[in-house]
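Look for subunit A in each of the two complexes below; its partner is subunit B in the first and subunit C in the second.
What follows is the complex of A and B.
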């Protein structure tokens, strides 16, 4: 299958993908969306529904091997490293301007640890500033990734009480893992611990959200894991299509409940992103 | 009011026929909350509480606070808001605004409450027909503090005002942060400049902070004729507050949080505002509740004293507390016409304006309550004076607090309220004994010579008759103020 890259001028993210392909000796054709605008425009018109636009425009590079279209350096490299196996732990980056996110170490499938570590290394060495996420699972892998020193910001997302982890995160949470993850996260210079009001498919498959009472259970679990009720945590809702937006005043009941265990819990305001 | 060295305290005037008789709750300085009858008999004293204010709710419940945070670390942070029964037992409390760890103190939850709170069922916390505050359920609005940084206002740490709505379980269900609405207040550039340099700086530890707005009253509008007529600014759920440091009074839309009506901070911008005149360092603005005379109008205790931000001037070398006046006014304002419809000022009090105006003067604290018979209970707080005036300005009840503090050597009282006897079933209706005003012309303390005890008098030839007030220094009522 031939690989086509659509790139932008002076695009660091594009350069990282090109270098990776070159190192592996994989041939590809590249079109610059400005220099080769007719080609790109035709491609864009034909594939508009499959192409993602971030808040500043089309996300480059765009990777097309005739089978899949991928955007975002992390997602493209993950695909090149492992096919679709890393999809669960490498998702779209919400960060721009030299930063990259969308990397959830806790969701890394067994057997893919080396590829995940390689991916983080490639992104950081390529010049991107890496934000790594974890949800309390896979503390061993988290330690391994952090020990490499390529992560600039560590975000620990507690996505619900332990009982909801299979439904929300797709796997069980071991409290020892959570304890170690909290310690590793707090030991990192730039870090953030969030209690995420997660959206997930509940009974019957209908979308639902973690309730304030469940958030309180999650906070109690965190407190029991770290023993520090002063732990700075931020509450933030996962916004998804199909559920009403949950922010500002609507998060106050969550904060009140969470503060029963973690007294410094605060709602994370949008401008803090 | 300038007190002489010796003056009576307690109730000094009482006309039972013209008063709206009931019980009065006030804060006795460094003693506690005192509930007294019209003759000053104290029927219950909740010792140790620090109500700012104290309020009495039906059933003889006291709403108050159990103390204040060490002033080294913040300004006027009340530790909690509590509902206390007749025997002193706390039956409801709110303190979970912020977990505070001050040096030398064990960490604890604090309400950081200050100046006001309101319980669902009644918009203002005092008697109004058919609007009793709930005592076994309902939400409570609490005026509180939270530190904030906002470079649009100043690079200094801000002691920001915060309004919290908490449910019966003490959980916050709504909040409003003052600093987030800075652009809605309409400060001119000069005041903004002063505010940026000095947002009313207080030297707290470990970092000083600017008590930049200093909201000192907060109440709900409740049902009112303006909203009934279609004016959405006066939605019954909306909240009215005043910020004494900025000389501004405003109404917050409960739903959006936006400022939808305001008075100040500038009083020169329209003919209506010029007619009202500068309101300075004001307290206890609130809408008179439905069912009371004047319902829908806004009462404001316009302290005078010092308040507001402006360019530097001789009275305010840095521009902070820039507007000055040495007397107070109680104003009742039609909030739509923006017009004073009733007032009690030194002139109505019978004091020669402006030379004797400072005899009605409380430069801080204070408040007023509209009573069902049209009288107004006024707290002239700085000198501990609470008095009831009729609509035509006659004083029918007066009380001077005898309680002077050791830590704060004043007999100040923050804000008193009158409650109907029915709200306090524990008290058998007291005997109401009239107290006629002393004749101060002839009254003498023991040992002093009696009036007219005069050894000799002579007539001096050539004296001209005594004249009017224009012979006095400064100005007089006879001057043409136009």
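What follows is the complex of A and C.
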């Protein structure tokens, strides 16, 4: 299978992928979208519907092995490390300008721990600033990743009450795991704890949202796990296509319910970096 | 970089497109030198079908460079009678010859007297 990379000049994310391929002795052909514009433009036109653009344009590098097209340094390295197995925990980075996100340690499949740790290390050593996410599961792995010191910002997302975790996150949440995850997150230099008003496929498959009552249950669970009513948490709605946007006024009922357990809860607007 | 050029043999719209009478009453539409310079190397253009109707000020095509996807705002209301098929394989014509081979569509105008701006007015607008 031959690998083709389409890159941009002075692109750190491209350099990381190239170095990884070189280290593994994997052959590849690289085309620069400016220097080899005829080749890139023809490729772009032929594959346009499969190519992702971030808010600043086409996301480079583009990786194509004849079977899949991958973009985003995290996603490409994940694919090279373990095929499609890491797809659940390595998704598109919403951060630009030297940052990388889309890394959810809690969704790492059993047996892939080493690859996940390697991935975070490669991204950070390559020069990217890493934002790591967790949802309270896999505190053991979270500790391992944080201990390596490659994470610049740690975000703990409580995505609902424990009872909703299988539907929202795809797995059970153990309270002891949550307790450890909160402690690890709070001990990290730059961190954020969010209560996410998650959107998920409910009964019958219809898209639905965590309700204020369920958010209150999640907050109570967090309080019981950490024992600190003053824990700073931020309420943030997950915005998805197919559901009306939930913001500002609409989040007030969530805040009042959540504050019954966590008195410092605030509404937070998603921010770009 | 050479100065950008706005020939005065055609009419302009503030959203960076031009319209030039083709001689048979129809109008050829394209983007200005300023627009192509801002876009950078154009890599794809999503053109409309012949027969499509657009009102002045709405997008009739999408122009993609590696950096941006930009709507092409039609300078006159009208119905598309022809699209520049050469752009599907050579979209960079929009950069190299925005007032000639890089035209986008040809339309029959609903009202040839519809308000537009002159080359001088457009040049002033983009230099402001």
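What we mean here is this: the second predicted complex is superposed on the first by the 269 of 273 C-alpha atoms of A that agree within 3 Å, B and C clash if a C-alpha of one lies under 4 Å from a C-alpha of the other, contacts with A are read in each partner's own complex, and residues count from 1 in each chain.
Throughout what follows, a residue touches a chain if its C-beta (ideal position, glycine included) is under 8 Å from a C-beta of that chain, and two chains touch if they have at least 3 such contacts.
From a predicted model like this one, the values you see are computed outputs, not experimental measurements.
Student: Consider subunit A as the common anchor and indicate whether subunit B and subunit C clash or fit when overlaid.
Tutor: fit
Student: How wide is the angle at subunit A between subunit B and subunit C, using CA centres, rounded to the nearest 10°?
Tutor: 80
Student: If we overlay the two complexes on their shared chain A, which of subunit B and subunit C does A:255 touch? Say first, second, both or neither.
Tutor: First partner only.
Student: Is A:263 touching anything from subunit B or subunit C once the two structures are fitted on A? First, second, both or neither.
Tutor: In the superposition, A:263 touches subunit B alone.
Student: Applying the document's definition of touch, where does A:239 land relative to subunit B and subunit C: first, second, both, or neither?
Tutor: neither
Student: Thinking of the overlay built on chain A, is A:47 touched by subunit B (first), by subunit C (second), by both, or by neither?
Tutor: A:47 contacts neither subunit B nor subunit C.
Student: For A:26 in the superposed arrangement: first (subunit B), second (subunit C), both or neither?
Tutor: neither
Student: Quick one: smallest Cα-Cα gap between subunit B and subunit C in the superposed arrangement, Å?
Tutor: It comes out at 24 Å between the closest C-alpha atoms.
Student: Which parts of subunit A are in contact with subunit B and also with subunit C?
Tutor: In the superposed arrangement, which is not itself an observed complex, subunit A uses no residue for both subunit B and subunit C.
Student: Spell out the part of subunit A that touches subunit B in their complex, as residue ranges.
Tutor: Those residues of subunit A that touch subunit B are 230, 249, 252-253, 255-257, 259, 263-264.
Student: Touching residues of subunit A toward subunit C in the complex: what are they?
Tutor: Spelled out, the residues of subunit A in touch with subunit C are 8, 33-34, 37, 40-41, 44-45, 48, 53, 56-58.
Student: Quick one: in the complex, what on subunit C touches subunit A?
Tutor: Answer in residue numbers: 41, 43-44, 64-69, 88-89, 91-92.
Student: Taking the complex as given, what residues does subunit B use to touch subunit A?
Tutor: Within the complex, subunit B touches subunit A at residues 96, 99, 101, 107, 109, 171-175.
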